[in-house]
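The next block holds one structure in the form of structure tokens; read it before the comments.
Chain lettering (A, B, C, D, E and F) follows the sequence in which the chains are written, and residue indices restart at 1 in each chain.
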């Protein structure tokens, strides 16, 4: 909330100062990965939706890729489904995939579509099975229906963008035989962003970005190249849950995405801040310059 | 299963005898309502999917509208959710809508999409919220989130047909405020078929059609006009669960659908039989001639 | 200039608060009449250009119609051309039309095109002769080449909008024989806005809008219907140079423009303030409600 | 004629069993060469037309190339025109070309177009002169107006396919000077199929296909590669009238056609049997695998 | 042949003097009926083709409708076919229709296509059966296959115009059952021109136009309205073979053709003279002014 | 003026004799550079406009590039602006650029547009700034705003051609910062023609073409290759004002223009003579054959 009262003249000036940023993203594809703990708070969720609709209205082609871990855990608990582990990794049996499918493609996807439309957007929610968007195969026999992406068929997303929709994608995948797989959301987003040659992939998380000292929020690293990220991984600065995030960003960069940003989804309007102001939010990763 | 061995020459002749029927439906819209008890058997489900993909390949624009009563009841039971009733009607509270959404838009929709694609089709599964396809409002305050259709925005379905997909639609609806409603599947199909000016709406049920004597399958009435149907309703021939089916058909006819067929989804390839042979299956309803 | 320092979070919030306004004008046509004393200050001119490019980027179809009185007077003075008057009205002989043409279609038009492009827009400058946009005839024999609009051929403007340009129009007109006429800029804007069924016609002037007491800027009337405007004209509140402005607005409303706004071009970013904030700027005129 | 009575359920099953074949040919180009003795029987001709319209309706792009030997001989006889021979080959003088033109482009072409349309197709009949489809030059001075194909301009055929017609092509050709040539039908079909990169070229003849023992119909060879065909030619198995048929198929394969089938036009619905059942009809030739 | 030597400057001036006429016909449809005795001389035929290609190149949409009476009589004679008469009218039996079809759709049509292409045009020759362009029924049982036009399906002609061809049409027609009819060429041209809303229908004949005194070529009537034509018919000035020509023109005018011209096909370049110079050729008929 | 009276038959024949030339230029791009002393006479100017509209009507895509030296000098004189020189070259200060802009983009451009439209054409006049058509930078610091072309953005010209306009281009250019430069007209025409891969670039001058003896008009050289032109430059045959013309032609040829013609704009209808008759006008330059 803005505590300083702003006149309309001041508001107008803020808007016109966004001009160069709007110009930069006009007609470009931006993939936003949203989900997990970043998605818990209802008011914040609404602000993220507003940001997305704003980008869509000013001509950015936004693709929203979502997960939904906490909601999945919640339904599993209610159904009395116990998690099984093999070598420390959770096993996804057929029943679990059904639960994931119901939560992601049913509840989370449609909630996001409905919110985007309540903000004035035009959205269509699909899963990785629709139009065979995400093609996958078993990653590890022991883990069951955990999928590894084998191919992205970008047509369904392009068809929806062309018809003016904000595509909202649940990260499930399928194979030729019609089996359905649970796909890691960050990885799926990276593959989709890569296949779309997106200008930007934004990873919404529940931390501020990559911190030099993970206990000190003021040590946020605003920009990193791929090799700098590699070095920080080697020296242990990038650790824990941040590792797969950074790996997904590097996958996306290698597949042709211009830049990736890991940002804090709990900060109001952080997407707009990142794309339409001069400061940015979180940590931006780019390929090494040649 | 064909127990007579057929030569390829005989097969070829059967195919060419379908010529006038193919011609009739080429490039026309056919809405198929599928769900409930008609959808239980896995092998039959696959045959229905084959029929739909066959129609799609020969140039019919098929829209598949589905319900999923038994699966909903199943999940509700597993979650220990008790049905509440007001004046004999089931109350749909927020939690129940969530369950309906997960089962229909999550599980059933994606299963149908995956099966259609395994048969060689190109499908995209959406709900009534996507692109605001089905707009609804509360039907009766006491029943909670049971929706009454207020408007069909046919654009999402047309956009998908134009891009060559078989649209698969879950019958949920939404209002301007973003509330989600459970919509009766037959009614939703009738409204959608009407808005699309479909050539044919096919209601797949688990009985043979309208029977003059409901205990005698041989008393099937093959064709009825709207007023004949009305007379049969008055004299009690149409009764019980058949009443809402017939009402939906009449709604569809009044909104511009050419013909409606109530047929037995348990008969193998009944859709192809109805559309591509000279006999038809079940009971066909048409408007009164002028 | 904003004297309060704004954080990026505050900037982001201002941007998202513009959402409903952006939605309202997305893909709509807005005609902006700019010129005369409102156009003198270079910095203000740049801000008007920024506003227009901002609207263009967020999907508004902006048409810029311009005059250029002071520059015309300036060149006439330098060429030693004396103004002639008949019955108190200035006579426009062939030589004067040449001067008007050179200043408007040559200097002013191209300067505006160049500024819009320096702000990141894509503009094309044309006159009323190009593609026979403004067809005219002599208004009064004694006044020479002063034209009365006989027909607007909207094709050239639509062709440029379709190709993604901001059309910049000099208000000259022509007849079948190839004579060129000087056309009053406000009138031309009103006819063009009407022919385009514009959502909004904005008249940039050098006063705050319609004032109840013309010496008291705080007496600004924010909204007026056509008949209220007529009453204010009858009682003398609307007088002097404001009369033709209001008449042009009424012409535009009668030809199908949704709303017209007379605003102060000397206020920084007044266009953005009017279209993208909740307050508006200047006086808005609308048709009488039915 | 099917002597076993088939129920509609059996018919429906036959139709759905054609699914994989329909899928395979959907939107592909198939060139059918029809003519000569295969075309004599009126009822069979009607069945061939039905097959073609069936393919057209299910989305195959069919091009019908026809000859008309017997009808040409018939008209020549009636006009008392004696065949002249040079070195054992028939001379085609100007008068003979006129007769060929009248019979092929006039009678046979228009009869086929009319029959296709009576079966519900949309056809347009053209010759190799129309739009300069078949460009030719003299093959052998002594033979007169017998043409050798120099170039195929595929535009006229593509234009008709794009507009939804079944193109029906008479195999005459022309040169720059406007001379008209008689072109061998099989050769013309091969060149056209090659230029179109057809999926399949079907040669309708009056024998069963390539027989290992030409007096034993049960010795039909169902599939041959190009080199196998060459070997059979060397050892004399392929002989007589079959030689030019096989040569045309090899030409077509070399120009990019996927497969060629020599089949018996006297077997009812052999085209549908070949393309839409699991058995095929006649002998299929394919390129050598690499 | 021009006997005065013209310099290129003079040629250039003639070309620019055609400017207003080119402007008038640019992108308009002109139907030219050509055939019969007007078509006998080879050199004149070439000049007519040159005229048509010239019109086509400068953007006129020309449709060439042709007959071929003398060639038909010639082939009938060669085949020893005797004409039968009923009530003074020639009977067209099945064999005769075959002959007409061969001569018109085979020989004459393809000769015209080839000539147009030798002049640099792009032509496609079709008959009234192709794409069901001319639908007909029996006119008089006793006359056999003489057809009366029941419907024009203009699609095939429009499809060819759209693809940039000069459509060349043989005046045969067909019914639903696939019967082929001989259609009077002038009538067919009038119906086609009417269905196309042609700007001009030109009837090429072998006389100068409508003469006030049929033995005095200098008595040519350059312009006639429909009612003036009616009066001349009443007083006998229009008589004999001119009557059906005039009737066809009146049919065309009533169906929406702007003007019809009966002109002498034996005068070199009479079409260009009529359309591109200030004098015209033959007699022009127009509707009565209202 | 033609002093021999020509009959319409003779006129028609002249028109048809232009057939091969019309065919050659149909749908091709021709850039015409017009200006300077060639543009002084009003009647000649009208004839040039007629020629251009004639080409446009017969399907040539004409782009008119103009200068306006004499008019610029005239306005400078009237404004008492003295020419400054540095090292013998005229300095173009900001005020001079303003004058050039007013004369070229204002007066000359709009006069040409109006004349083309009076002849029946559809024209749109733009400058090198519009849509950033001509991008330029300072050529020589001492000369001020004299621009060197850095890039041609051909989109604005193609957009206008696609929409059916004759683009009329004033040869000014701009840089990223919004500075406006005066660009040599011949050079600009060459760059534009090259970027458009024009079929022909026509340079209208006030001399007959390249003369072997510059005092003998009968010594006109009708055709030259690039190396022949180089040789004539070496031996001094090409000298004075002809040097930059020839250099521009060579630039155009090297950038892909098929042929360039230097012709006398004072000869009536010389453009039509060049393009549509067998003789040509002036001197044609082509690339060296390989």
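Worth a mention:
Methods note: a contact is a pair of C-beta atoms (placed from the backbone, for glycine too) under 8 Å apart; a residue touches a chain by one contact, two chains touch by 3 or more.
Keep in mind that this is a model prediction, so the values were computed, not measured.
The minimal number of chain-to-chain contact steps leading from subunit A to subunit F is 2. The chains in contact with subunit A and with subunit B alike: there are none. Looking for a copy of the A-B interface in C-F, E-F or B-D, one arrives at C-F, which has over half of the same contact pairs by residue number.
Comparing mean CA positions across the assembly, the chain most remote from subunit F is B. The distance from the centre of subunit A to the centre of subunit C, each centre being the mean of the chain's C-alpha atoms, comes to 44 Å.
Centroids built from CA atoms put subunit E at 56 Å from subunit C. Averaged C-alpha coordinates give centres for subunit B and subunit F that are 68 Å from one another. Along subunit B, no residue makes contact with two or more other chains. Contacts between chains close into a ring here, every chain touching precisely two others. Around the ring, the chains sit in the order E, F, C, A, B, D, counting from subunit E and moving first to subunit F.
If you check the complex, the residues on subunit E that touch subunit F are 1-2, 4, 6, 8-20, 22-23, 26, 47, 50-51, 53-54, 57-59, 119-120, 267-270, 272-273, 276-279, 281. Residue ranges on subunit E touching subunit D, taken from their complex, read 75, 78-79, 98, 101-107, 109-110, 113-115, 117-118, 122-127, 129-132, 156, 159, 163, 165, 172, 174, 176-178, 180.
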